[in-house]
Amino acid sequence: MALLKTIKAIGKYFYDIYDGVTSLARGMKVTGSYFLKPSSIVTQKYPENRATLKMFDNFKGELMLIHDENNKHSCNVCNTCARRCPNGSIEIIYKKVEGADGRTKKVLDKYVYHLETCSFCGLCVPSCDEFALKFDEEFEHAVFDRGKLTKVLNKPGSSSKATKE
Amino acid sequence: MYDFTPFIESITSYLNENLSPFWAGLISMVLLGVGILLFYAVLGLYLVYAERKICARMQNRMGPNRVGPGGIFQTIADLIKLLLKELIYIRNADSLLFNIAPFIVIVASIMAIGAIPFAKGLQAVDLNIGVLYILAISSMGVIGILIAGWASNSKYSVIGAMRSGAQVISYELSVGLALLGIITFAGSMQFSEIIASQEDGWWIFKGHIPAMIAFVIFLIAGTAETNRGPFDLAEAESELTAGFHTEYSGIKFAFFFLAEYMNMFIIAAVATTLWLGGWLPFHLFRWGAFNTVMDFIPPVFWFFGKAAFVIYLMMWFKWTFPRLRIDQLLALEWKYLLPINLMNLILIAFLTLMKWHF
Amino acid sequence: MQTEELITLITSLAPDQKPGISKQYPEFILPAEKLHEVAKTLKENPQTKMDYLFSLTASDRKDGLNVIYHLTSTEYPHTVVFRVILADKENPMVATVSDLWSGAEYLEREVFDLFGIKFENHPDLRRLFLDDEWVGYPLRKDYKDSFIFER
Amino acid sequence: MEPYALLTFFLTAAVLVGGAIAFAYYAAPSLPGLVKSEPYECGIPTEGPTWIQFHVGYYLYAIIYLIFDVETVFIYPWAVVMREIGLTAFIEILIFFTILGLGLLYAWKKNALTWE
Amino acid sequence: MEATLLDFDLRDKEEYIINMGPQHPSTHGVLRFEVCLQGEQIKYLRPHCGYIHRGIEKMSEALTYPQLIHLTDRMDYLSAHINNEAVALCVENAMGVEVSDRVKYIRTILAELSRIASHQLWWCAFGMDLGALTTFFYGLRDREHILDIFEETTGSRLTQSFITPGGLMADVHPNFQKRIKEFITYFRKKLPEYDQLLTGNIIFRERTHGIGVMSKEVAIDYGVTGPSGRGSGFTCDIRKIAPYSAYPFVKFNEITLSEGDTYSRYVVRIKEMWESLNILEQLVDNIPQGPTMLELKAVKAPKGEYYQRVETARGELGVYIVSDGGPSPARIHYRTPNFSNLFVINKLAKGHKIADLVAISGSLDLVIPDIDR
């Protein structure tokens, strides 16, 4: 009985060696095969491929106010987006203008967007009933000065579609 | 063909004829020193670059590709960076030992190169106990690691030093016993004679399976001796942050880094010389034409080609396997490698006795 | 065990229990001094075997600090919620259940850290997330400090 | 050249290390600080002394190593002359290895080869 | 329960205390282990957390329910979809509304994709912990495919904020189904590679077998859930116990192993990836038509208390909402899986070596922001 046990132990000893060597060889086969396949390289040369780099359709890059070709946006200063933003990243500065019909109207002065506090949750875009907002594909946000992250989204000289008359 | 002996002899004789013996000796020393430095620097930089490229390819990456074509000057840029980095001194560290540790590591790796035959006649010293000399010198490096870990006065470093202590007491044996097999076959410890004994075939082929087993064991133990993955317990990045060289910065760290690669080269060079025929070209029986073509390739290329193959194997290990634990490291040596090694040596002795090797 | 049986069992242990507000799970409002006893019985009773405490938390309500225990069994599909209301906000105190469920030790430390509820017989009651020098208990409604930003 | 070659190697190493450190000493910036000179322990100050008596689990291995390493040195001369002496050397080494192997087996059986 | 106080008293004697973390390559975040060593053996260890405590629960008290999701994204950022789903389900339950089947299906698909992505990241980080550096890149390479699907549909790769109370932020991208099917075939080919590289490897097996054994009782006692608990035989899969979203419609197995060591925790995760692929395959072709957002006037939970359990990639996530009937919760508590999974580590690592601690903490798959919240 003891002999059988010893033989078994010795058998297991050699099986372990065989098992170990083959298992190591299997692992080496994987890495070795990738070594021989340059086509399997998945990394990209980033700044060089900037021209061909395309983000996905829905990519949430940076908030922007949509301007049409006449430099008009459709923000009507309802402040919903600012209220919906969990971080207070949107500040809408407006001025009161007397309209043609004599009533005072809110007109967008500055649409301030704090990129530094934005967490890209995307709550602002669907909240807008006028579809005035969207995310663009800009992803290179790095700047040296934090102040540069505070952006004014309405372009200079632009006006709202609502205050056309 | 491609014999370096006349070239070197002509230099020495030229110096001896034109200068006094003292100056001739000094100038030849300086020439040799410059040669070593150049060789060391080029080889070190090339090996670091090769490792980066190889591991990148295995990991589906591109590897260095910014500095120079294909990133070939990346390591030079790194070297300059490391040279210009601040040398941080650790409070309460043993400053003498702390500073001497990189020196010991570098000395071990440089002095071992002295006995390696790169080509016919291109060997600094052809000691009659060359194998023993390399074995003795290269194990000095571990002492440097031990000192570095202990002197840093950092807990991670001390644990790393303890681990390298465990490594030195284990793998030294396997390296020695694996080498003994070929010494038994060749009947000499002199590198030139070992190479001469392989004129008619490399030992890895002539020695049948026992020689191959010895080769594999030597590779495993050699990888462990150089503190490389999967045996990099002394620096074990994920456990000890950087192990024994946690506290070393700038150029002092670079020495440990460089020495690791040089030790790898030394192990590869020894494996090449003993098993793969050193600088001898690859010959097949009776294929006269094939053998002539092989002879045209200079021996230096043969040597470095074979060494590069062994180095590639070691890098392949490192980038595939997980790291061993300290008790497994010891168990692997004492329960597997050592008994196999002893049996293997008896087999080799038997083969030698019966003259069954070619 | 059905909800009715649970109610009878708990009522027999703590006669002054009150049914809680949750509609999701059977909930009981227990007096602080009875909590440990009831919890122990529910854990050890072979018919209930409430061996898995999946949530222990607190909330600051008008009637005092509530400590809420969510218990379930890994054998039976029943879940029970205990609530202990500590009206004394200066020195709220309740017995620890960390001797029954080891996981409770750290959950209680978290509650102590953020609500200041002390757990009697807790083996290691220290702050978990905040510094030991932190003043006040942030999740209480009356907590004020300079970091709080009013919208 | 030959007699001084190894000395040259040693001196080259000294020049390399000394030169590079000297260069770094002058070229690299040096802004020592109290925090900077602390040993690294993941950002937390070290607690207690580092150099205390350290329990290592492999002292038994160390003793066996000592034995085996000395024995290995004995085998080197044998290996060189094995070819010339032949059968006698083979039988002698067989006896030598039997004794050595028994020692290893004994250590194995005694669980000296298991990390406690 | 072994008393921590007793351990604490031992510190008076001369001991070798070493800090692992907060800046350590293998703690996967800012967590600190105070480890007491004897040689290489761990006498005891104490986890210290709070380095990344942001007070999400306090912040949430000032936010409306739809706004909560951008914070839950950042708890366990590797299963952001599932965290969002938990909040969404809890609020929907409170309001007594039910989303359309389309939303349920898409939520479940996204959740299973996150689970695979999370396990992939865990796999590569676990290999790194054990010193196999190549695994890291293979795992990330395959994870990119899932992140691309996420990016195309939700616009973000990590903190997606896509599942919201009442439905989804938007409908899925037209390529959604095609890409998932491509991914399933791709990943079915790559998963055996994981086994060849790591699972079968003798060094790996020796490193993980019998290390950090957690019995079923200990797992239940500490509330260790998810793959870590299931590796000990604790059947704690909320997808089976209390099915939500589209899980009642699919057939899948709860993977449990009884050994409870590091290796079985590893195997559970590998098998879960296969199982998640099966779930995806069942769902992806059958997404029904329907609205993706409920027409809700205002997202307000009625007065009361609500609890919702979901299964994230790391275990049971509970969302506990106390509402006063207002637009924002009076108190919200997240019972996070990693919190419970972390504190069992002293029990597991005691007596093992420092290298094993790395393996054990890796096998528990800790995400530190989820502990600290």
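A, B, C, D and E are the chain letters, set down in written order, and residue numbers restart from 1 in every chain.
Throughout what follows, a contact is a pair of C-beta atoms (placed from the backbone, for glycine too) under 8 Å apart; a residue touches a chain by one contact, two chains touch by 3 or more.
All values reported here derive from a predicted model rather than from experimental measurement.
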Output for shared partners of chain D and chain E reads B
Moving step by step through touching chains, the smallest count that connects chain A to chain C is 2
In terms of mean CA position, the chain most removed from chain D is C
In terms of mean CA position, the chain most removed from chain B is C
Contact-pair count is greater, between B-D and A-E, for B-D
Using C-alpha atoms only, the most centrally placed chain is E
Here the gap between chain C and chain E, centre to centre from mean Cα coordinates and rounded to Å, is 25
Between the Cα centroids of chain C and chain D the separation in whole angstrom comes to 58
In whole angstrom, the CA-centroid distance of chain A from chain D equals 53
CA centroids of chain B and chain E: separation to the nearest Å works out as 45
So chain B residues touching two or more other chains come to 58-61, 155-156, 162, 241, 319-321, 326-327
Shared-interface residues of chain A (touching two or more other chains) are 24, 27, 30-31, 42
Two or more other chains are touched by the chain C residues 151
Each pair of chains that touches is included here, namely A-B, A-E, B-D, B-E, C-E, D-E
Touching chain B in the complex, chain E uses residues 16, 18, 24-26, 37, 39-40, 127-134, 136-138, 141, 197-198, 201, 203-204, 206-207, 353-358
Within their complex, chain B touches chain D through residues 12, 25, 28-29, 32-33, 36-37, 40, 83-93, 99, 102-103, 106-107, 110-111, 113-114, 124-125, 132, 150, 152-158, 162, 165-166, 169-170, 172-173, 176-177, 180, 183-184, 187-189, 241, 246-247, 250-252, 254-255, 326-327, 330-331, 334-335, 338-339, 342, 345-346, 349-350, 352-353
So, in the complex, the side of chain A touching chain E is made of residues 16, 19-20, 23-24, 26-27, 29-31, 42, 55-60, 84, 86-87, 119-123, 126, 135
In the complex, chain E touches chain C at residues 1, 3-5, 8, 49-50, 53, 55, 57-58, 62, 93, 218, 220-224, 234-236, 241, 304-307, 309, 316, 318, 320, 322, 330-331, 333, 335, 339-340, 343-344, 372
The residues of chain C that touch chain E in their complex are 21-25, 51-55, 57, 59-61, 68, 70, 74, 77, 81, 98-99, 101-103, 105-107, 110, 114, 123-124, 128-130, 138-139, 151
